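The structure follows.
The chains carry the letters A, B, C and D, assigned in the order they are written, with residues numbered from 1 in each.
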């Protein structure tokens, strides 16, 4: 099981010490004693966990491969393309994102409370996690680094329009911006608008033009480029 | 003149560009291009200013000497000791700290709007500057580094009692803590209580036991030690 | 806690790198951290909320300056030490000095596909009905406590409206301290002009997911 | 601005070094910075408020991690570049590439004692009477602007009482943008229990010096 909170496993009554003071002190000690380079720190941790029998290196490889190849924004793009082509699926996606993810075979980390929000001519949605880095991993894969930076987290809820401008997004005068700050275990997926001139495209063709940023909400107008066109 | 804002000099109408964006960008460029060590950065700045005729190295030496020897917490200690011995002076110090500083010959940077606050059996005062590092330099000299740290600035207004405990201060049950956050150009000086058993001490003897921290408010009970005793 | 992690609306963090390459991991070690976190054996009383709180407790400069997955490593390191599973010295040189682990077994390579396809659910049944209904005006409470909470500072004291009610969800403030209990979760809509004084379009909306005890009726 | 400098009440910054040595400067270069700042020639439109704002604009990690006088150097460097008096390259290697300075002359060594004994005054005459009197209940405004201000976030929206009125003082929000004008300054008393939810003694008091336009009547 990958979950930190695991419903399938009974909670034990054994209590660890939840002392903020103690953990802050441990952080300071780690800061002073661990190797200076992240790669070296990671190597030390992996060696230690392997020696202690606390990790299977093959499992690490498997996760890296999964997130590098299988679990990524292509999944979200397929869901969006299907929603564009199939009004009933779009309805299901909007009303119960978790079930829609199961239906697509994309269930996993962060899909359990998936909420899709749809852009429209007068609505633009944008997702952030100001407190950490919450993101629908099962649907969009590993979040980009910028999504996890202080700059994006700080600015998205205060000057979303300036952030959008930085990403090259121009909003028409009548568009309202809706920012979703992922403060709980709900995970947000933006359904961008289907571009004009794509009426005869297949779902696969459509999926090819749905960018990761469009599903975070930092891109808006998807162009029917040669990438997806026929 | 040392003042950044100088009443004696007529303001010109020439305007610099007050752009936060531009200055933030300059900071990033300086971060990337200046030498890695503070001492090297300082050396480069001094060389440049001397070459440009913008600074007199002898003046720098003079300031360093002044703050290392003449302008320091001994001044504040003399004011406190005098206030202990001379009720009329204490009255003047509490009602017009700036004038009291002039009377003592201690006028200077930060004495112009000096406010003295007196401890008592049921009152403990403590000074901080949460936004930067404001401090009565003419009276107490260069502030300690801890006064300028994020830790002190963050904690003094939220958990002053925990901070005091860290400094070894124990407060009697009936004592109220009053924290002065120096958000303007007023500069605060704490007058600690005169310790018992010092009735026959001279001002000089008394001044010798008044610590810098007692005048910031991170020390409370001044002991009549051999340092000051006769 | 009012930690450095609580970044919503803070200023001075500069531009965003909008041209970042799109691959999942930019450095090989990043994937190793994620893979370890997903498969290592762990004390049963760890939770994602305890993880988040431990990450918030990282020194502010480290929090802001270290690469993202490096902060995960730092956090898991601290959690291992706090739980008595590893020592600082062991984490420093990677050499095991303790007894064999008595923790639940690690995830085996063959179990990864199933684990990757299993959503973790945070909803919890509640006997009490929700205190608020969609459309109700509420105010986020002004005061927070010093422990872990998911009530960001930037909405504290601000009025909004209930947008949706999600039933009971694990309450992070309790879970981070070891108590798994549910509380009603809402999505609350705030006018951006009520949050900040100098916004471009005051009627833009910021939605947050907030638990019932973060809110008071208005 | 809601910058990283606005530290009042933030948590996670660790213990205080209560055993710091007492000498004025711990490194020789620290004194050089202070001496330069006190005696260098400068554009006439610089002000302490502009300096403070430029310091607030330092990258957050640099702000929190660099030694104090190093942050002064960084700030004056940025001010020199912004004013067109020096370039980044000149500050990097210390070599003058420009024309001779046309700024007011630098302070000479012989002038230092007089300069050190001259208090700088920030009071300014006002024609309008103060809006508040000692004892009046007030509330610090909730919203701040993105420029320089001396209204800390931690009192925004909180009620307090006027403790003292100091007449007109240079208004930093304007001065930092080049406009030297006075506004009534007050000392305002806040009960610490109104500022934070988890204090030891709610009746302890925090005083702040706040300008009239930071406050609203209650």
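Here is the rule we go by: contacts are C-beta pairs under 8 Å (C-beta built on N, C-alpha and C of every residue); 3 or more make two chains touch, one makes a residue touch a chain.
Worth saying up front: this structure is predicted, and the values here are computed from it rather than measured.
Common neighbours of chain B and chain D (chains touching each): C.
Set against the Cα centre of chain D, the chain with the most distant centre is A.
The geometric centre of chain B is 40 Å away from that of chain C, both derived from CA atoms.
One finds 49 Å separating the Cα centroids of chain A and chain B.
Between the Cα centres of chain C and chain D there is a gap of 34 Å. Among all residues of chain A, those that touch two or more other chains are 24, 28, 150.
Shared contact sites, meaning residues of chain D that touch two or more other chains, fall at 1, 9-14, 57, 59-60, 64, 146, 196. If you sketch which chains touch which, the pattern fits none of the simple shapes: not an open path, not a single ring, not a star, and not all-to-all. Interchain contacts (touch definition given at top) occur between A-C, A-D, B-C, B-D, C-D.
Residues of chain A that touch chain D in their complex: 24, 28, 150. Considering their complex, residues 1-7, 9, 11-12, 14-20, 22-24, 26-31, 33-35, 38-39, 41-49, 51-56, 58-64, 66-68, 71-72, 98, 101, 105, 107-113, 130-133, 138, 141-142, 144-146, 148-155, 157-163, 166-168, 176-186, 212, 218 of chain B touch chain D.
Chain D contributes residues 1-4, 9-14, 56-57, 59-61, 64-65, 142-146, 157, 196-198 to its touches with chain C in the complex. Residues of chain C that touch chain A in their complex: 1, 5-11, 13-18, 20, 22-29, 31-36, 38-55, 57-59, 62, 64, 66-70, 73-74, 76-79, 81-83, 85-86, 88-96, 98, 100-101, 103-104, 106-109, 111-113, 115-123, 146-147, 150-152, 154, 166, 169-170, 172, 175-178, 180, 185, 187, 192, 195-196, 199-201, 203-211.
Across the interface of their complex, chain A is touched by residues 12, 14, 60 of chain D.
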